[in-house]
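Each of the next two complexes has chain A plus one more chain, namely chain B in the first and chain C in the second.
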Partner chain A sequence: MSAQLVIDVLLGLILVGLAAQVAIGQHLFRAIVFYVAFGLAMAVIWARLGAPDLALADAAIGAGLTGALMMVAFRRLVEIDPKQAQAQATRGSALAVVIAVLAAGMVATIGLTALMLEEQPGVAGLQVMATLEETGLGNPVTGVLLVFRGFDTLIEMTVLLTAFIGSRVMTTHSRLYVATLAGFQLPLVRTLVAVILPLASMVGIHLLWIGSDQPGGAFQAGSLLAGAGVLLLLTGTLLPASKSRALVRLTLVAGVSALCVLVLAPILRGQVAMAYLGRGSLLFAEALMMISIATTLTLLFAGRPSLKWGRT
Partner chain B sequence: MIDMLALVFLISGCFFIFAGTMGMLRLPDVYCRLHALTKADNLGLLLICVALSLLGGRVRVALLLLLIWLLALLASTVSAHLIARHSRARQVSEGDNE
Partner chain C sequence: MTSAVFVLVAAAIFGLGLHGLLVSTHIMRKLLALNLMLSALFLLLIVVPATIDGRPDPVPQALVLTGIVIAVSTTAFALALMVRLFRKQGHASIHPDIDPRLLRTRISSKAKNHASGDDR
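Entry: the complex of A and B
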């Protein structure tokens, strides 16, 4: 057995172990911590599978932002219903075992089938690689996301917007706990913000800019900026505001609108809908998507419809 | 030669991270654990970054790794400080209640 295989098997086992800890963990908070670790392990595995785009996205969204969202949700649960938050998980039911066995069987079947299949000529992936040159893009992931499967991306952005609206509908009447770090005014924390914020903005815009040719893109850039937004919220530089603002609403719908423009604009020029308009149009759409993603995720963390500047 | 040097750095880096993890698991209270984690792990990370820069063989890679180490250093410093501060504040308030 080669060393490479040992590492792969080990990573796989770690992933399954972490997933099991998330599912059967005794305590809610423990499960959240294990979920974050699961996201990080997943990112490492994506990187090893040669998918840096997914590794970036999983590290930023799966481990970072989802973790932060679940932590703040847990903290709010502590405020609302302390008993439920501290409750030990009940014993697993027999139904869960059956579902787990069925799911494992399904995954094993798909995996074995995939291993036994011979490589088919003319499958979608190969066609994408063949036609990628015409689009002038260097990163096939960006090509698939915005050129070949642009409609899926439009729906993804709509899902994000719908999720945000759903969370607003659910939380209009409850007073949510506002997460602010104890000791946010300490010089040490202010230094952290002063160093991290410009760096995060720079890396975010860099990821957006190189996204057409190298790993990166709107989702990674947006979630990175949302991470900076969460940091600003935690340190009280930004505060959740109850009164919705036109600017915030505009940034929320910017991504979906940009993709709609990308879909409809070719018609005005006499081409079919969703025809490819060139790299500039993609950068435009991705920039607006980045802003939308960053705002949506930050507002989900804030739990209010808007933001305002706080103490500095 | 460079490979051997990188290997030495890599193994010593792993040793320090292992020691930090052992400290995290074995030491009795929050402060000792933070001490073990932040000191040993950051040194371990530095050694691993040095090893990777040697293997990378380019100044650009080395500088990026240095930047990563500095960011990890900053993040762990601040979070360790905040955890310790929170834990101390809780101890003091619990002491008042007794």
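Entry: the complex of A and C
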């Protein structure tokens, strides 16, 4: 047994173990914490598989922000009614076990059969690699996201915006729990912000800047900045605000608008929609997408339509 | 070999997620289980296609990246729905025939520990 295989099996066991804790564990809060750990293990596995773009995205979004959103939602339930927050009527079901085992078997069969198929010539990935040089990009994932399958990305940004609007509609303003440490006057908090905020901004902008050629891009950068936004909310540097501001609304739609420009601009120049306009246009769109993603995810955590500066 | 190992891992996680989804009644547990199933599918989508220059195929990578963002969007929206439902009906469970408020008065101290649970 080679060392690589041992590492793979160990990583796999860790992931399955964490998933079991999430799915079967008794306490809800514990399950959420284990889900965060699961996301981080998943990021390690992406790195092992040679997909650093996904590792970055899963560490920031899958583990970080999904976990933070779940925790703040759980806390909101506790604030409303501590007794009922975890109330659940779990009952084991033999049928559910059978169905789950059969489903797992089906997934394994499909996966293993697909692995045994002969390699097909002319798969999409090969086409991408063959045409990537013409676009002048170095990172094929960014190429697929913004050049070859740009419409997918446009729709993805629309989904994010729609999810935010939906959450706004569903969230009632009164008595909404807002996560903040501001009242505690902790002495190290301001130092923490002073150190982490510039660092996070720098890494975020770096990820955006190199995203065309190396692992990184708008999604990774945006979610990292959203993480910084969550930190600012927790420390009370930023506060959730009920009164919507024009600037915040503009940043929310900036990403979708930038992608629309990317789709429509070539038509004005007499080309087909979404024709490739060069690296500059991609960087422009990605920068606006990053801002949109960061703001949207931060606001989803805050649970309010806008933000304002806290006391400094 | 690596691919086969991770296909089996994905299958196991998918099964665990599906079981969690079927058995649990709390909406947040259902969401956690759904997210597990999503992660399993993402893993499958990356591991199964042939690698190109030793790296996973960039097209499924981009699809999974899109999927991760869609997953967090839908989770956030579902959580907002859950908080609203909790305000309205007093508990965060969906089940056609079980109302945990009624159940709590009937059964064991175990369920009570559950309900008053760890909000530490």
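We take it that the second predicted complex is superposed on the first by the 294 of 312 C-alpha atoms of A that agree within 3 Å, B and C clash if a C-alpha of one lies under 4 Å from a C-alpha of the other, contacts with A are read in each partner's own complex, and residues count from 1 in each chain.
Here is the rule we go by: a contact is a pair of C-beta atoms (placed from the backbone, for glycine too) under 8 Å apart; a residue touches a chain by one contact, two chains touch by 3 or more.
On a predicted model such as this, the values are computed, not experimentally measured, just so you know.
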_Is A:45 touching anything from chain B or chain C once the two structures are fitted on A? First, second, both or neither._
second
*Classify the contacts of A:203 with the two partner chains as first (chain B alone), second (chain C alone), both, or neither.*
neither
_Partner chain in contact with A:275 - chain B first, chain C second, else both or neither_ = neither
*Which superposed partner A:253 touches (first chain B, second chain C, both, neither)*: neither
*Touch check for A:195: first (chain B), second (chain C), both, or neither?*
first
*Between chain B and chain C, pick out the one touching the greater number of residues of chain A.*
C
*Can you list the residues of chain A that touch chain B in one structure and chain C in the other?*
none
*Residue numbers on chain A that touch chain C, as the complex places them*: 4-5, 8-9, 12, 15-16, 19-20, 22-24, 26-32, 35, 38-39, 42, 45-46, 49-51, 53-54, 57-58, 61-62, 65-66, 69-70, 73-74, 76-78, 80-93, 96-97, 99-101, 103-105, 107-108, 110-112, 114-115, 119, 123-126, 128-129, 140-141, 143-145, 148-149, 152-153, 156, 159-160, 162-164, 166-167, 170-172, 219, 293, 297, 300, 303
*Of all residues in chain B, which touch chain A in the complex?*
71, 74-75, 77-78, 81-82, 85-86, 89
*asked:* Which stretch or stretches of chain A touch chain B in the complex?
replied: 181-183, 186, 188-189, 191-192, 195-196, 199
*Could you pull out which chain C residues touch chain A in their complex?*
1-20, 22-26, 28-29, 31-33, 35-36, 39-40, 42-44, 46-66, 68-77, 79-84, 86-87, 90-93, 95, 98, 100-101, 103-104, 111, 114-119
